[in-house]
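There are two complexes below, and they share chain A, which is joined by chain B in the first and by chain C in the second.
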Partner chain A sequence: MSDATYAGRTVAVDPEGFFVDPEQWTDEMAPEIAAEVGIGELTDRHWQVIKFMRHEYEQRGAGPTVRVLGRTSGVSIKELYELFPKGPAKLAARIAGIPKPRGCI
Partner chain B sequence: MPDSIEKVSIIISKGSFDGIYPGLIMANGARAEGIDANLFFTFFGLDAIHRSRHEHIKLSTVGNPGLHLATMLGGLPGMSSVMTHYLANKMEALDIPPVPEFLEMISDTGAGLYACKASVDLFGLDKSDLIPQVLDIITVGEFYALAAGGQIIFT
Partner chain C sequence: MTRRVLILGGGTGGTLVANRLRRMFTPEQLDVVVVDLDDRHIYQPGLLFVPFGRARPSDLVRSRTRQLRPGVDFRRAEIDQVDLEGDLVALRDGSTLGYDALVVATGASLMPEETEGLTGPGWGAKAHTFYSLEGAASLGVALSRFERGRLVVNVVDMPIKCPVAPLEFAFLADWFLTRKGIRHLVDITFVTSLDGAFTKEVCNRELSSLLEAKRIEVVTEFNTGQVDSAGGRLVSYDGREVGFDLAVVVPLHGGASYVNRSPGLGDDLGFVPTDESTLQSKASPNIFVVGDATDLMASKAGSVAHFEGEILVHNLARFLDGQPPDASFDGHTNCFIESGFGKALLIDFNYQVDPVTGRFPAQWGLPLLKESRLNHLGKLAFESIYWNLLLPGRDIPTVPTAMPLTGKHLVAVTG
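On to the complex of A and B.
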């Protein structure tokens, strides 16, 4: 475990950069985390996914799979991969400050 | 050697439920990690991308010791359907989609789906028999060209 600084605040992250405590996350941190994973600008569509990730995590205690994202987030799987080319479930979880999804699907 | 995998090309050569799923899961999982993926369907693996057959992919219950089922029971009429149904339900609970939806999903992730030309010719098929997500019918040589610079996984 190590520390990272986003939006001027120090937060605990795991070795891959995922938040250890999602409570430490704030909206202002998202653009800085996104820049770290190669996403230059967060559009409204990115935000729709990020908000959905947060909501799912709060409801179920885990981030959704890509299949669930594609069905219920209002963003299709095709678009999810356009928004987060290096893997939507993983990248959106990281930007949304929730733990890394561990499913195989 | 780089310390990460950037591209995989996965060959699916079997047409049974347990022959098709591992390759699909590997391909989908690769894309989820941001790894480029191609799928090459050959021989009976073509059933996975056959319009009318891919909804009826069955588990093989004969000669499949992994099921821990007495050999003679495995051959009973309907056994394959029952076991397939049972396993498909368990997989749905784990959010693993049925074959047709899974292929559509994998295609939407940006993975390339290809059919083997020799097998298509062997079974007397053409592109109209295959699902629209199939990008092309390609030769072995073209497959190797496509796979260049990445890892090849045979299933």
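On to the complex of A and C.
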């Protein structure tokens, strides 16, 4: 576990940079985390996904997988990959300040 | 008054729960009814061996009803919907069945239609699956004709049944092609949506070095959007491509389709949100869930259904008696991983403890996370254990329901 500073505040993150305590996250932190993972500007579409991730986490205690995102967030899997290249579920979870989506076993 | 437990699905979990209940209660006390589509029970772990000519499809199939104890009622029908408010199940033939307690045991279904190129004409040209009986048989034909080029094993996305089976397929392909004397003419590539060969850390390390030793290349974080069977390429959502001459694809899985037609029962993928400890559905205390149909963080494996069976039946009996559940499932999973050349590995873990090295079930037992001949014999013995102990709902001697810690080399989990 280590610390990171976003929007002038110190937060606890895991070794991969995911928030340990989602309560510490605020909207203003998102653009800074996004920049860190190589996403330049957060558009309305990005925000739709980020808000959805937060909502799902609050409802179920875990972030959704790409497949569930594609079915339920109103953004298709194809577009999710355009918005969050490489790994939409992971990147969006990191920017939304929720823990890394648990892999299935 | 005779009460009724209605069991949806007569596969691994449904059968073993029905048999345990039938032994526990007299027919005067309890009606036990099982509903399934057909009378063909498939030994699914055997599907892995079919493409290599090591199992014949017809040998994997037995009558479902013959696996059920006398006094278990079998209804052959397609389930259409569950009415959670009315405690009623509607069947496709128009009839309905009421219940005092319901057991959802309808497993996971393959959903090839969700990936472009996995259905329709052309699928089957160069791409196959071994996750169905027909698929495994036709893959066998394709593999016997395969002489050179790139063989790709692809898991489209999790969750899938028996998450180690695709790795086992890659290991067995290496063995099969070596024995045919053509391994040097073939590249084997394992393509996965995960960020490693396997999700669990110690296990991932061992399996990765095994893959490397067998010269099996691994492509990670590949989210397959399209399988172009005729053109011989996998295309990911982010535009990467992996070419192939023969592809073995494990399609997406979801719950049985009636689950999403039953308001309140399932999640977005059709799996049933389940209390990880009591095995009750989160939607209702008189609904229990076993096997692949759950949304639990345990593997979708026959061994898991077996361990769950004992807990579920205990808690269900308490429910019928008006008592709160007091048995708790620990997530125990036990899987052999066939690695070719007459060897296999064994992993044993639960919700809390990841797969580690050591021995199972104690010091004198089978080596964990290590290739051995003994584990291969264990894997082969599982078939007879499945039909003769697991399905009848018996305990397996020396294999406890709660995961044993003795014999395990526990590592401190960091993070």
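As a convention for this text, the second predicted complex is superposed on the first by the 103 of 105 C-alpha atoms of A that agree within 3 Å, B and C clash if a C-alpha of one lies under 4 Å from a C-alpha of the other, contacts with A are read in each partner's own complex, and residues count from 1 in each chain.
Assume a contact is a pair of C-beta atoms (placed from the backbone, for glycine too) under 8 Å apart; a residue touches a chain by one contact, two chains touch by 3 or more.
Everything numeric here is computed off the predicted structure, so don't read it as measured data.
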item	value
Chain C versus chain B on the shared chain A, clash or fit after superposition	clash
Contacts of A:Val68 with chain B and chain C, given as first, second, both or neither	both
A:Ala4 touches, of chain B and chain C: first, second, both or neither?	neither
Which superposed partner A:Lys78 touches (first chain B, second chain C, both, neither)	both
Candidates 23-31, 41-49 or 77-85 of chain C: the single one with C-alpha clashes against chain B	41-49
Set of chain A residues, in rising order, touched by both chain B and chain C	65-68, 77-78, 81, 85-87, 103-105
Chain A residues touching chain C - in the complex, by the definition given at the top	1, 14-15, 64-68, 71-72, 77-78, 80-81, 85-87, 102-105
Interfacial residue positions of chain B with respect to chain A in the complex	25, 28-29, 31-34, 94-97, 105, 108-110
For the chain A and chain B complex, residues of the former touching the latter	65-68, 70, 76-78, 81, 85-91, 103-105
In the complex with chain A, residue positions of chain C that touch it	157-159, 163, 194-195, 199-200, 221, 223, 225, 237-238, 252, 268-269, 297-299, 333, 415
